[in-house]
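Note that chain A is present in both complexes that follow, paired respectively with chain B and with chain C.
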Partner chain A sequence: PYLSFFARALQPAEYLATFLVSPNPLLLFSVGSFVQEHGLRPDGRKADEARPVTVNTGSVSTADGSALVRMGGTLVTCGVKAELSNPPVESGDCGYLVCNVDLPPLCSPRVTPGPPTPRGQSLSQHLQDTLISCRCVDVKDLIVGQDNLCWVLYLDVVCLCDNGNVRDAVFFAATAALRNTSLPTVDVSSGSPEVSYQQRHPLSLPHLPLAISYSLFESHILLDPFHEEEELSSGHVSVVVLSHLKMGQPDCKLIGGLTKSGPPSLPSQKLIELVHRAQKRARLLADLLLTASGDKKT
Partner chain B sequence: MAELRPLRCEFGVLERADGSARVVQGATSVLAGVYGPAEVKAGKERSNRASLEIVVKPARGQGGVRERFLEQLLAGCCEQCILASLHPHTALSVVLQIHTDQGSLLSTLCLALCLALVDSGLPLSSPFSSLSTACSPDGDLLTDPSLAQEQASQSLVTVMTDCSSGRVISTHTQGVCSLQQLESSLAHAEKAGEKMKQFYQKAVQRRLAKDAKFSHLNIAI
Partner chain C sequence: MIKAGVLKNANGSAYIEFGDNKIMCGVYGPRDVHPKHMANSSTGILRCRYHMVPYSVSERKNPAPSRREIEISKVIKEALEPAVMLERFPRTAVDVFIEVLQADGGSRCAALDAASVALADAGIPMRDMVSACAAGKVADTVVLDVNNEEDQAGQADMPIGYMPNLEKVTLLQLDGIMSPKEYKECIETGIKGCKIVYEIQKKALNERYFGDDHK
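Entry: the complex of A and B
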């Protein structure tokens, strides 16, 4: 009775739980395990299976770098604009980044027009914190000449369709856009700066952050949740893996963030296992990114 | 052997709050007030449990995205540990005021939150504790760092654990660390959780004995 169309609308939690629990009564006792051998999610995926990812870079011609990322039904775009400015007083001789993640009413029926919600603000803060604290962008490289001039990078990430797991898509879009970004050359030798928009050079990116998120629904851990699963889940775990190129191949070992919040509590071995799996998935995403910007030199 | 900074706590600081605690860990000082179960606004009312609201106020200014992020992390702890289903159709509200931030702020906030909840008499499934660990590039770990140590390190890992089961309630990391450093931080946090459980037991005994102020407890793990 829980698998009918009306059950999905009236009792969504029981609907999801019925899918995830294995039909084999012997396996019911292993309900806490990460990979459900027989249990499937409503869209046919296993607990540790993610949706297909596509990325398209450089589509916004007015931006210095851009990317459009689709993870299943979630669609997120990011544009990077570089402007000249004075370096911040506190940090001195380096440029800076300003990240903003926008979840407009366009993306979901649950979002109403108005000021940014705590969810949107939290995503902006997470992205900004990660890019700065993990030194993903070499801010010292953004300095121009000797005369108190630097580049400011404005990263605007807009979610066009929220079908769950916006965080992963936001990070991937920001990473792809940064990789696609090229800065014009500035000539400061003649007193006033002369910007030449034709001659461009790419950004110096020591690490690329890739987020992999799981949602915690009762005793199940679901990779890349879609919006229904996310709403029913009580907690989530996000792992940010940093990828850098080592002899032409992406190396995804370092962790740039591990955020777990919400019930249920997990044993620490389970968290470490999730981080291992995230590192593997990050490798796939990093390879995809390399393929997408195949003609771009790093 | 890892050590925590000297910990000082005071219960019942706010007379009008149902529960309150001031925690000073090293030079980081935070005040928490818990109000509830109280009347809830119609829009926020939940029929099967209490509705929870957490506000973090910075030392100066209004508070922005950073405070919203801290609130989300602390709300996770509350969801896990407060038996909210015992108080349906009510509101529980927690306000955390940061006085000084001299390192390991999230940990101190979490401690103050737990002590204020204990002081308020709200039903908790278990107490929770938190430990911050600073990781340096050469693999060294510093537990409960001061602000200077935090800024000198490559990353800061904060882990909130359930004191009775040792399981992880929440984690938050900032900066770059390796998997081994993460594993060590989680292990340290679990050990700290056991010590904090003894601390909470002592704290509650003193509270019940009407000895509301006690100070300078050095905790080594």
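Entry: the complex of A and C
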């Protein structure tokens, strides 16, 4: 046996593989037995361990609802702004949502200034599709009076630091911001709408989406990948769990979405297992959100 | 309040709360210039992007860069250039990215303050810090640090960027009507404000590198 050291910058895939137990016999001899036995990732986590999460809500006063989420080094903020508008022609008697996820050049050395990249656009689309198809926001409740007036909710998510797993942070920030949102009351009795910004009421939110993502690196399934792991992984799995957060005891059973892309292919039993694990993790995140907003029943 | 070193990816970063302004700044550099034709063979280049998030103002702002943001980006870049020793890094770029999370008047000054701290946090050699503060005229009185309400109703707004040790002005803009006497008073008030901000910038860097909760 010989010792071979893989420089992180020059051979990142090999470097990452030396931490996880890899089927390649040459690599088994390159790092100490401690790492091989325990199968740890470069930041000391096991394959199904996530980074610490913190959430802070309501800090931006110009927004009707806001949240700041930190997952390890990834930092994402979301703001919700409500505006009065006319209901869309197709659906008539409800309000609507507009989601936008922005990945500015601030968040990563790999992002250059310019129009939204496919990555940002697909995150926006995923969030928008999930919130609408899973009926997370009660859009009928956004109707104001009888006169073709409704609220439109603009959800703007901005990633301030992309240290991996932006998708989970985006969903968590959007969920936290929606829970934090309050709408002003509108009085339509006198003909023209009168908005009173002081009297506010929260949104009607049947359930909210929480995304739990894994990346597939060689034969390993890594929960909450950080950016290097994400880049080196060929495949990804994302599970969206819908959480009912009202009662103080979160209920995270319904699945709101599942995507699996890239090699290697997984047996369906494995996917079911990942969904179970995602439900457990969603429960943890929901608990955290309730504690942060002071709604947790002890 | 300024906090340095808040972002993991950026080489240097700073977060500032100046009144109701909440601004995040990240600096990358010196790094390779893409596209290559923009590189300067004798000196590094400084690039700046000032951007406001849609929910930072009371009426939602479109995420696309507006003319005002592009103007402020240019102004901040020009205010930082005299301070940064770019000639030490030819053919490279130093990128300054500013995201305004909440704005309430004087955001270009707050952004400039955060950018200076972020540049220092990135270890980029500078001749001096750039401290910025706005002075203005509201109801015929010269005041320091005009907020949004005062700006809308007021008579003049003057952002000033100042290098406190070299005692040189790197940014000066004036919107409004003033007599020469008021103008002199306004500059002096503004510079006093800049010196106060400088102490806060130093404190932020001290805490980051010599503080008790040094990460």
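Going forward, the second predicted complex is superposed on the first by the 268 of 298 C-alpha atoms of A that agree within 3 Å, B and C clash if a C-alpha of one lies under 4 Å from a C-alpha of the other, contacts with A are read in each partner's own complex, and residues count from 1 in each chain.
Quick note on the criterion: contacts are C-beta pairs under 8 Å (C-beta built on N, C-alpha and C of every residue); 3 or more make two chains touch, one makes a residue touch a chain.
Every value quoted in this text rests on a predicted model; they were computed, and no experiment measured them.
Overlaying the two complexes via chain A leaves chain B and chain C side by side, clear of any clash. By the touch criterion defined above, A:L106 reaches chain C but does not reach chain B. Using the contact criterion defined above for the overlaid structures, shared-chain residue A:G235 touches chain B, although it does not reach chain C. Within the superposed three-chain model, A:Q125 lies in touch with chain B and out of touch with chain C [touch as defined at top]. Within the superposed three-chain model, A:V80 lies in touch with chain C and out of touch with chain B [touch as defined at top].
In the superposed model, A:S59 makes contact with chain C only, not with chain B. Looking at the shared chain after the overlay, A:K140 reaches neither chain B nor chain C. Of the two partner chains, chain C is the only one that A:D156 touches; chain B does not reach it.
Between the C-alpha centres of chain B and chain C, as viewed from that of chain A, the superposed structures give an angle of 120°, to the nearest 10.
Taking all C-alpha atoms of chain B against all those of chain C in the superposed arrangement, the shortest distance found is 13 Å.
Every residue of chain B that touches chain A in the complex is listed here, in rising order: 64-66, 68-69, 71-73, 75-76, 79-80, 155, 157, 161-162, 165-179, 182-183, 186-187, 189-190. Residues 6-10, 20, 22, 24-26, 28, 31, 34, 49, 51, 53-58, 60, 63, 95, 97-99, 101-104 of chain C touch chain A in their complex.
Touching chain C in their complex are the following residues of chain A: 59-63, 66, 73, 75, 77, 79-81, 83, 100, 102, 104-109, 112-113, 154, 156, 158, 160-163, 227.
On the side of chain A, the complex with chain B involves touching residues 118, 121-122, 124-126, 129, 133-135, 207, 234-235, 242, 253-268, 271-272, 275-276, 279.
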